[in-house]
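Labels A, B, C, D and E are assigned to the chains in the order they are written; within every chain, residues are numbered from 1.
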Amino acid sequence: MSQYLISHWGWYPPLVYTLMAMLAASLVLLVIAGGSVVFIWMERKVAGRIQDRLGPTRVGGKFGWLQTIADGIKLLSKEDLRPEGADAMLFRIAPYVAFCASYGSFIALPFATGWVGLDINVAVFFVVAVLGLEVFGVILAGYASASKWSLFGAMREAAQVISYEVPLGLCIVIPVMIAGTMDLTKIGNLQSGWFTNWYLFHDPFTFITFFVYYTCALASVNRAPFDLAEAESELVAGFHTEYSGLRWSFFFMAEYGSMFLVSALGSILFLGGWNGPVPVAAWIFGEHASQLSGFAFVLANVLGLMAFILKAVLGVTVMMWIRWTLPRLRIDQVITTCWKYCTPIAAVMFVGVISWQLMGLPNGGDVLPHHEQGSRRLPGSLRERPFETGDALPSANSVGFESEHGEQERGQVDG
Amino acid sequence: MGNRNGGRWMGEINGHTVLFLFFGILTCLFSLAVVFSANVVRMAFYLILALAATSGLHFLAGADFVGTMQLVLYVGGTLVLLVFGVMLTAQNPFISLRTAGGDWIVAALVGGILLVILVPVAFQIGLPPQDAGDIEGLTQREAVASSEPVSVPTATRIGLGLLGVPGDDVSGYLLPFEIISIHLLVVLVGAAYLARAKRKVVVRQESQNIAGS
Amino acid sequence: MFDLLSQPVGLTHYLIVGAVMFVAGAVCMATKRNALGVLMGIELVLNGANLNFVAFGSNFLERNPAYQLGLDGQIISLFVIVLAAAEAAVALAIVLNFYNNHSTVDVDRADELKG
Amino acid sequence: MSTTEEKSSENKVVEFDVRTDEMLVNMGPQHPSTHGVLRLVLRTDGEVVSEVTPHLGYLHRCAEKIGENLTPRQWIPYTDRMDYLAGMSMNLGWSLCVEKLMNLHVPEKARHLRVIIAEMQRIASHLVGMGAYGLDLGSFSPFLYAFRERERILDLFEEACGARLTYSYLTVGGATADLPTGWLQKCEAFLDQFLPVIDEYHALLTTNSIFIKRCAGIGVMSAEMATSYGCSGPVLRGSGVDLDLRRDGEEWYTNMYDGYAFEVIVEKDGHYPNDHVYPGVPPEAVLGDCWHRFYVRMLEVRQAIDLVRQAIDRYSAATDSYGEPVKLNEKLPKGEAYLETEAPRGQMGFYVVSDGSAIPYRARARSSCFCNLSVTSELCRNTLIADIPAIVGSLDIVMGEIDR
Amino acid sequence: MGQQDLVSRLQETFGNSIGAVQLESIDPWIEVSADGLPEVCRYLRDQPDLKFDYLSCISGVDYFEPDPKKAVKLDGSPRLEVVYHLWSVAHKTSLVLKVILPRWKDDQEGVLPEVPSVADIWRTADWHEREVYDLSGVHFRGHPDLRRILCPEDWLGHPLRKDYEMPLEYHGIRCR
């Protein structure tokens, strides 16, 4: 699109790039801010239903649609309190650090083929890396609040998140290994076709891996039963005890953003991302979205986007369900769960998937016939992959093996 | 210098430059903030920002894998460790340890000399070689730099390089890779050994000490 | 020579940023009395060097074969990152040990050899 | 005995790696899980709590001093505000104590009415105890489930006496009014509806593996310790002490339950009475831990349902009066009387000293929670911070009763 | 064992420590001298056939009438009674002990009368004695940590004493 603006309309290139970057950034911001508004409302409704009550019903019509907005306005108008003795600069900046980490990781998250803020080759890695930075916001908040409860929360969060990055990383590596790429767009597209192509159903090991991933994801975004950093019955409110108003709400936007992010990541890695359970788009348009162009591409992508959002929201809903059902674990039990259960299980699954691949056992994709174009599965080992030269790339980048790179560029340009 | 070049640099500037300036200035600023901040917690915070900005520079240089590694390992791993250390030792007297004036002078002197040596070298290296090939080198550089900064996939080649498969611009690194991994293991064991429980203390004495102090 | 802004971003720009980081790290190591501050200085120095490696390794910035390191530069910087993590772990263990034994993190007071 | 134990534990050699400084943390009086205004001063080393000092008195309202200036019936509303989650039981305890002093026997119908009300109050109170315990462990929904049912009991109480929290219903001589017509049917309908709901609570909490992990083996209190600390009610029975004043108490009180069939909820040979209906004791649980205290409460709810059903039958069969209250300024005989009753939270004792006038010379309330709470500093020693809400919650304290 | 047997046994064992005995009242009680209290209590707790291992309550009752006209109604002289309600879990029996003290030690106004603490016999006595100390003003000798428990630590006076006057203000808060 930017190329089109430059070449056809003669716009000033830096301006175009800046505009494009801002457009992408604001779209992502919309997703995270709008998303958290919806999710907070949803959390209340889900909690209400689970607890045999109605949840918000008044603000904004029948279902209390505008409750979160009203709350947002309330939070905006609240006094920005800062405890005496707090490290003023760090106290002010900590919520933004947490928010930026959550927000930053959305940059590399594709919502459908080619619809991604920044198409990074190592997107999986990037998303996990940036999401891991959220812990700094929490640690700084805990330290800077000059409150002992906050400090407890921060230390818990640090210990917990750092521990859970290990099994989380192991779980993420498994689909990456099957796909042979760290590019989320490609991983998603490799699972197109029937739902049996999803890596969840790839083999029994990936099936278990998904649940380990979900557990670790719950822990790494601090949701119950792993919400020890804010454990309200123990630590008052944990790391955000001293926060109020807008700064407090930034922590929550970050939390809900991260919840959506890990669910979305899980759905790309295991649940086929934007590919529905049946290849509807492929039947209609005859091709998978990554092979299409123009209007059909947009249409197919919108379908995919809906499937993707649905899966991610489902993941978030299950998180809420868990939160309102289970009691909270103790910190030593959380760490035990990580090191004694999740990590060994993930490691065994890792070995299991490797063995499955090496032995050439049938995977889920073999069960149902899959669509020809969309589901070209890449073999697990690199040796079988052709050493091609990307034709659409400048010679500086001429060493990529990624044959689909050009296609994606085209898709992006067309989109 | 902006005035001297007037309209010229407006024409040359592009998205890449803007982003580079953004990240570069952030990196430099926060590095200096680390030096000039006395509070050790803030130092750690500035260091986080400086290193995160550095990873941005890595991305801009086309080293996406290294940039992400920087985020995962350096910022997400090493610095969390460091922050942990800061918090474990962040007793009030140690949060701000002032540096003596003399130390500052000596350090500024040494730093200044280092900078005076390093910066001219940077300029010399950055200049196109005088003898030949400058047409090709410069134009290509400009061509690349003025285009949209796309991330060049490097992960596969780096991975193969680490596994000992030499590519056209990468040598095989199997042996260093193995050495590093052994080294890492040894270091982890060593660190655990160093920080392990080694002092046996009778609790009652301890509580008396606390009561007394 | 000094109109950096007029040039497209190249090796020089990166080297200057690297130099600033390196010098900041060196000064940090020299001036901080807090052991962890010294550790942070080391991290800065390593990152300054790392940035240079990446810059040299990037055929994106420098097309001149005389200066090209290829992907070797990136691999070396990866090694540096990993080694820095190892170094930080050991250094932190030492600092905590020191803190246990001396109840301080002031390096100026670490002048006795017995533990 | 205890001092030698302490010495041996204090001399225990422990190893530690990183020296962290101890920190004094105030838990409360404004803290979500201290059940009101309890203040615990924790001495912590990281997450490990080495010492807990409870500080009371934030809700002290000099109830005993007020009792020296009011007639017994006038003091009834003040007893409501002691254990405000079980006001009826407080009313009952004080009324029985004054009746004991006056040697006043209530009519048969009033006796059964009191059993209905007291046992309904036990259900309502244990529901809060259970729900709040879930809340202490981070599970929010059981709390609302519990309150949903409690609200229905409060509706019944409101119908009987007009109040939902501070009832002043049972009083010296009987009750202030008879149960309204149709009340018994509503009560039975509630019991029929409520009985299956208990299974939900067991599913949500008792058998939940995280719940078991959080409270099994935590805060283990031996029978000797519980007795020595004067613990009572579910806290005492959770430690395996077979003592329920409804069966073992003074005759003046046990007469009320004369002819009722019930078993004291206490573990015998690894089993509780009637526990075949409900999930058994998990292997992780140790007698006297938080889980057992909680489970005793849950089984008492079931038991209370049976008792109410029996009482409804007897109440309907009884033909005499519901027990007219005595005159407001009825003269008390000279003397003193002490009576303990089995309130939901334990043995609630009242002590009345009279000099012959209508106003007691001294009114004393022996609070069950007061004694139950006194074990915290010993139970919470060397636990984790997260265990403190678990332990304090399992004692099910009400600060109004402790501070009076 | 009947109350009478118990009384005679106690009188045999402790002699002078056992004072007046009132078996006709609603709750029969035995007066124990302050100094003999710990031995009697220990005996009551440890004898297997008595086993009063459960201390229900410690109450302080102040018998005093500041108004001389009304003072006739009181039995006997002004005094402070500390009442111990005991219970045996094993035998389901109860017992009331009373320690009768002068309102002030050696009749010096302001000096609290003293009773030996029984906190090492029953742990629950710890808090109950603190409460009696706080509200009724009895000093328990040998108590591990005799602080006020319900009133603030800097509160003056003992509210359940009959001659207690509510202070006009407390830290600037108006009290009456």
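We adopt the following convention: a contact is a pair of C-beta atoms (placed from the backbone, for glycine too) under 8 Å apart; a residue touches a chain by one contact, two chains touch by 3 or more.
Just so it is clear, the structure is predicted and the values come from calculations on it, not from any experiment.
Apart from subunit D, the touch network of the chains falls into the groups A, B, C | E. Taking the mean of all protein Cα atoms as the centre, the chain whose own Cα mean lies nearest is A. Using mean Cα coordinates as chain centres, the one most removed from subunit A is E.
Among the inter-chain contacts, the highest number of C-beta pairs connects B-C. Taking each chain's centre as the average of its CA atoms, subunit A and subunit E sit 68 Å apart. One finds 61 Å separating the Cα centroids of subunit B and subunit D. Put simply, the C-alpha centre of subunit C and that of subunit E have 74 angstrom between them.
If you average the CA atoms of subunit B and of subunit C, the two centres end up 6 Å from each other.
Each of residues 13-14, 65, 69, 77, 79, 84, 88, 140, 144, 146, 152, 154, 157, 167-169, 195, 199 in subunit B touches at least two other chains. Residue positions 17-18 of subunit D each touch two or more of the other chains. Partner subunit A is touched in their complex by these residues of subunit B: 13-15, 18, 39, 41-42, 45, 48, 52, 64-65, 68-69, 71-72, 75-77, 79-80, 83-84, 87, 90, 140, 143-144, 146-148, 150-157, 160, 167-169.
Of all residues in subunit D, only 2-3, 56-57, 60, 62, 64-65, 68, 100-101, 103, 225, 227-230, 241, 243, 248, 250, 335-338, 340, 347, 349, 351, 353, 355-357, 361-362, 364, 366, 370-371, 374, 403-404 touch subunit E in the complex they form.
The touching residues of subunit B, counted against subunit C in their complex, run 1-2, 4-5, 8-9, 12-14, 16-17, 20, 24, 27-28, 31-32, 34-35, 40, 43-44, 47, 50-51, 54, 57-58, 60-63, 65-66, 69-70, 73-74, 77-79, 81-82, 84-86, 88-89, 93-94, 97-99, 103-104, 106-108, 110-111, 114-115, 118-119, 121-123, 125-129, 133, 136-137, 140-142, 144-146, 152, 154, 157-158, 161-162, 167-171, 173, 176, 180, 183-184, 187-188, 190-192, 194-195, 199.
Within the complex, the subunit D residues that touch subunit A are 23, 25, 31-33, 46-47, 134-141, 144-145, 148, 204-205, 208, 210-211, 213-214, 384-389. Only residues 1-28, 30-34, 36-37, 39-41, 43-44, 47, 50-51, 54-55, 57-68, 70-72, 74-75, 77-79, 81-90, 92-97, 99-100, 104-106 of subunit C touch subunit B when the two sit together in their complex.
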